[in-house]
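Chains: A, B, C and D, in written order; residue numbering restarts at 1 for each.
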Amino acid sequence: MTLQEYLLLAAALFSVGLYGALSQQSIVMIMMGLELMANAVIVGGAAFWYFASPARPDGQVVVLVAVTLMAVDMAIGFAVTTAIFRRRDIDVTDSAADLKG
Amino acid sequence: MWTQIVFGVCAAGSVATGVAVFRVDSMARATFALLASFLFAAGTILLLNLAYLGVLVVLMMIMEMVVMVVFMLMYMMNPAGLTPMTMVHNQKGSLAIAGGVFAALAACIFLVPWPTSGQPRPADPTRALGEALMGSKMLVMMVLGLCLFATMVATVVLATHRGRYDRYGDALRAKRPDDPVRGGLDR
Amino acid sequence: MTLWLLIALPLVGGTALLVAGRPADRVAPAVGVAAAVVTVVLAVVAAVSRPEVSAPLLSGLRIGLAVDGLSAVMVLTVAVVLVAVLVFAAGEFGADESRARFHGLMLVFAGAMLVTVTARDLVVLLMAWEVMGACSYALIGFWWREDHRVGSGTLAFLTTRTADLGLYLAAGAALAGGVAGLTLAGLPTAADGWRDVVAAGIVLAAAGKSAQLPFSFWLSRAMDGPSPVSALLHSATMVAAGAYLLLRLEPLLAATAWASTVVAWVGVLTALILGAVAVVQRDLKQVLAASTCSQIGFMVLAAGAGGPAAGAGQLVAHAATKSLLFLGAGAWLVGLGTKDLRRLEGAARRYPFLGVVFTIGALTLAGVPPLSIWVSKDAVLATALADSPALYVVGLAAALVSGAYAGRVLAIVWKPADTPGSPLSRLLLWPLPVLAAAAALLGIGGLPVLADRFARLVGGPEVPAPTWVELAASGLIAVIGVAAAAAWTRSRTPESRVLADWLHLERATRMAVAQPVVRLAAGLARFDDRVVDGGVRAAAATGAALGRLATLRVEVSIDGVVRGIAGGARALGRWAPRPQTGQLHHYYAQAAVALGVLAVLLMIL
Amino acid sequence: MVDQLPWWGGLLLPVVLMALAGLTASWDAVLRDRASGGPVRLAVTLPLRQAGGLLVQQRRQTVAADVLLGRGGALALLVAAVLASLVTPLGRWAVADLSIGIVWFNAMEVVAWAAVWLVGWGANSAYGLVGGYRFIAQGLAYELPHMFALITAALGAGSLRVADVVAAQSSVWFVVWMPVAFVVYLLSVLAMSFWGPFDQPVGADAAGGAAAELSGVDRLVFTAARWLLLTSGAAFAVPLFLGGGSGPLLPAWLWSLVKTLAVLALLVWVKRRIPTLRMERYQEIAWVVLIPLTLVQALVVAVVVLAR
C-alpha cells in the first residue's frame, strides 16, 4: 500500500470515467462517467490525506466536498434531463446542440 | 500483507466494474456495476483508516445509484439490454484521449517525487474532520450547505412541470389545490 | 423712518412711473408734483428731527444715512427746487411727450441726490452717485430721437463717469487706508499716503461732477436737455453734488497739505475763466451754463479755503437763482421758440412779468446788493481773503465778470420790442415768483445773527465774516460790471472764438483723451485681430495642415493596420465558432486536451 | 463497558438473529391465527414449516430474468440485515465495536434500497418492478427522519460509537428525553423492513409487489431477510434509546434480549393493528411533519448537551 498505488487506482478510475463521459451519447451514461471521475478524486484525496498530510484535515474535507459534488451533480443533471426530456423528448446530448456556435 | 491483498482486490474490482459500466448492455447492470466500483473504492478508503468517510461513501453511493437507476430506466430506450444497441460516438477519439490521460497521469505518478509525511496520524480521523468542518473549514461547510440548498430549489424548479398557479389557479384563489393525486395532509 | 420715507418716496415713485411707462402719462405730472410736495414736507420734518438710520449691507459693513446741518440744508434745497421744476415741467410738456418717463427720471434723479446728501459712507454715496449719473444721461438725452441730444447725454455721462473713477479710487484707498466702515467722517483719519490718494480721488470726482476746469465742457452740451432738466441739474443736483461733496469733505481737504490749495485755485480759476466764457456766449442757456460753472467755482473756492458754511450759503442762493433763470429761459423757449440771444432781443418787454422775475434772477446772479448771492459770494470771498489775498483778488475779478455777463443778458432782453408774445401756461409761470422771492430774500441770511446761526448749522472751522468794506467793494464791482456790460453791449458784440467755444475744452479733450483712447483701442483691436486671433488662426491652419499631412502619410499605414486587425479579428471570428459544436462530448474532449496542454506547460515552465 | 467478541462472535450473530426472527415470525403467526380463529398450536411452528416448504420448492423461472441481479439483491438484503447488527451489543458483548457504529448501521440498512429494487427488477416482471419502485419511494420518505433520529441519539452521547451511546444512558434512557426520535426510529424500522403499515412494496394490490415472482429458496431468503431486518432494527433500538443492557437483577445480555423482544412484540402488534399507509402519503407526512419534528428534537438535545 503506497501513495503511488492509490494514485494509480485513481488515475485508472479517472481515465475510465473520462472515456465514458466522452464516448457516451446518453446524458445518464455521461453522468456515470462523471461520477467515476469524482470517485477518482475521492480516492486521490483520501490517499493524499493518509500518505502526505494526515495531520491536517484538508484531504478529508476534499473527500467530503467530492461526495457532495457527486450528489449535487446527479441531482442537477437529472433535473436538467427531465426538463429537456419534457420539452423535447430527447435524452442524448447529440440532439441538444443549442450552443453550437 | 492482508491489507495489501485486500487493496489489490478492491482496486482491481473497482477498475474492472468501472470498465464494465460502459461495456454491459443492461442499464441496471451498468448502474450497479458503477455501484460496485464505488463500493470497492470505498473499501480502499476504509483501508486508509478513514472509517467514517468510507462508510459515508457506501451509504451515499447506494442511495445515489438507486436514484440513478430509476432515471436510467426512465430515459434509456433499452434499459434491460435485451436488444443490444450502441449508444456511443467518437469512441476511438475518446479511447485515445482517455488512454493518453491515463498514460500522462501514470507517468506523473511515477516521476513526481511525492512528499511523505512522518507526522502522526490522528487517533480519530472522524473527530478531526468534524472539528475542522466546524472550525477552520467552516467556510467549506457553509458553501456546501448553500450549494445543497440551491441544488434542491433548482432541481425542483427544473423538474416539476406544475407550479402553484397550476395548483391554486391563476389568481391563487382556489381553496383546494388541483392535484393529479388527491389527498394529503392539508386537504 | 422719516429718512427712509424721504429717500424711498422719490425713488420708488419714480421707478413706478418708469415701469408704468406711456400708460401713466396722463397722471404722471400730478403724481410727480404730489410726490415732490410730500418730499418737501418730509424734508422739512427730516431737517428738524435730524434722523439717522443704518442697515447691514455686507458682513462687517453697515451703511448709514443721516441728516445733519449741511444735509438738512441740501435736502430742503433739493426738495423745493424739485417741486418748482416739476410744476414747470407739468406746464411745459405736451400730451405727446412721454411724461411718465420724464417725471419718473426726475424723481429718481432727485431721490439719488437726496441719498447722496444724506449718505454717511462712501458705499451709499457711490450708489447714489452712479444712479445720478445714469439719470443725467437719460435726462439730457430725453429727446432721444435727435442724435446730437443723445450724443450730448453720452458726452456728459462719459465725462462725469471718467471723473467718477476718482470716487472708486478713493473708496479703494480708504479701504486700504483702514477707514472703518468707509464712513465719510472717517476719511481724514486714513493712513498717510492713502489719505492723499483718497483726497485726490474725491477732488477728481467732484471736479468732474461739478464741471470745474478742466471738465467744464460737458455742461455746455448738457444744455441739449429740456429746460427743467437744466434747471434741476444746474441748481440743486448733479453739479451741486460735486460742490456738496467737497464741502462735506472739507476736513479731508484740510488734512492734506495740497488738496485745499488745489481745490481753491481750481474753484477760483473756474469762476473767473468760465465767467469770461459766459460773457461771449450767443445762446442764453449757454450763458447760464457757463455762469453755473463760474458760480460753482465760488463754492469750490469756499471748500478749498476752509469755509463750508459760506459755500453752502452760496449753494442755496445759487440754486434758487439758477433754477429761476433756467425756468425763465425755458419759458421764453416755449413762448418764442428760441434761446438765441440775438433773437431774444426785447424778450423781457414782450413778457413783462417774465422779464421782471428774470431780471431779479440776473441781478442776483451778478451779485448786486442787496440780493442773496451778493451776501453769499462775499462770505466766500472773505474766507478766501483769510486764506490768501491772491485768491481774493482773482475772486473779485470773477465777481466783476459775473456782473458783466448778467448785465449783457439784461441789456439784450430789455432792448425795445413792439409785439407782445403769445400767452404762456400758468404752470410755467407759477414757480417763478416763488423762486425769485427766494433768490432775492435769501440775502437776509447775510445778517450777522443769521450768518452765525447758519455757520453753526453747517459746521466747519471759524471763518471771518465779510467786513462792510468788502461788501461794499464787492457790490460796487458787481454794479460796475453790470452797468459796463450793459453799456458796452449796446455798442458792440463781444467776440472771442476761444471763449465762445468754451476754451476748446471739448475739442482738447477729444484730441488729448478721446482720440488717443480710441487709437489705443484700435491698436489693441488690431493687436487682437492680427496677433492673438492670428496666432489662433495660425495654430488652426497648422493643425489642419498637419492633419492633411497625417491623412496622406500616416493615415494610410494606420488605416492598413486597423484593416489588418479587423480582417484578422474577422477571420478569428470565423474560426472561433468552429469548436463550439454544441456537442457535450466535444467540449469534454477539448477541455481534456486543453487541461493536458496546460499541465504540460505548467511542468515545462 | 462493551467488549468486542472474538472471531466466532461473527458466526454466533446470525444464529441469534435467526432465532429472534423466528420467534417474531411465530408470534406474528400466532397473532394472525388468533385473529382469524385458527389453531394457535400450529401457528407457533408455522414459520419453520413454511421455511422447510420453500427450501424444497422448485424455483420458477421467468422469461429473460436478470438472475444475477435478482438473486444478488435478495442475498444482499439478507447479508445487510445481519451485518447491520454487527455493531449491536448484546449486553456487554458486541461483534464489532466500530468507532462509527451508528453510521455503519445506517449504511447497512440503506442496502435495502438497492436490494429490494434489484429483487423486483430481477424477475423481469411488471409487478415486481412496481414493488421495487414503491420501496424506493418509501425509502425517500423514511430515510431522512430516520437519519435525524439516529443523529439525535449520537448527539446526545456525543459519539458515533454505540458503546458510548449506551454509556451515555447510564442515568437516563434516551427514550425519556428523545421520545420523538424514538417513535420516528420505530416507524423507520417498520418502513425499512416494509412490514405493517408500510407493506406497499409487497402489497397485495400489486400481486405481491417486489416479491411477486419469487419462489423456492429465493422467496425464503427474501422473507427471512425481511424478518432479520426487522429484528436488527428492533435490536439496535435497545442500545440507542433503551439503555442497552442496563437493568436491575438480570444480567446485561438478558436485559438486552428482553428489551429487544419487547420492541419486537410492540412492532408486530403495530404491524397487525394499523392499516396500510400509501408511500406517497407517508412521504408527505415524513417531509412535512416528521423532519421538522426530528429537527426540533435534535435542537432540543443539542441545547441540553451544550447546557449540561
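Annotations
As a working rule, contacts are C-beta pairs under 8 Å (C-beta built on N, C-alpha and C of every residue); 3 or more make two chains touch, one makes a residue touch a chain.
Nothing here was measured: the structure is a model prediction, and the numbers come from that model.
Averaging Cα atoms per chain gives one point for each, and the point farthest from that of chain B is the centre of C. Here the largest set of C-beta contact pairs joins the chains A-B. Chain A and chain C have Cα centroids lying 100 Å from one another.
Computed from the mean C-alpha positions, the centre of chain A lies at a distance of 33 Å from the centre of chain D. Remark: chain B and chain C have CA centroids separated by 103 Å (rounded to whole angstrom). Chain C and chain D have centres, each the mean of its CA atoms, that are 119 Å apart.
Each of the following residues of chain B touches two or more other chains: 56, 67, 89-90, 93-94, 97, 101. Each of the following residues of chain A touches two or more other chains: 18, 22-24, 94.
Chains touching one another form the pairs A-B, A-C, B-C, B-D.
Chain C meets chain B in the complex at residues 585-586, 589, 592-593, 596, 599. Residues 576-585, 588-589, 592 of chain C touch chain A in their complex. By the touch criterion given at the top, residues 18, 21-24, 30, 93-94, 96-101 of chain A touch chain C in their complex.
Taken together, the chain D residues at the contact with chain B in this complex read 64, 66, 68-69, 98-100, 103-104, 106-107, 110-111, 113-114, 117-118, 121, 124, 133, 136, 139, 143, 160, 280-281, 284-285, 288-289. Residues 1, 3-9, 11-20, 22-29, 31-33, 35-36, 39, 42-43, 46-47, 49-55, 57-58, 60-61, 63-65, 67-68, 70-72, 74-76, 78-83, 85-86, 91-92, 94 of chain A are the ones touching chain B in the complex.
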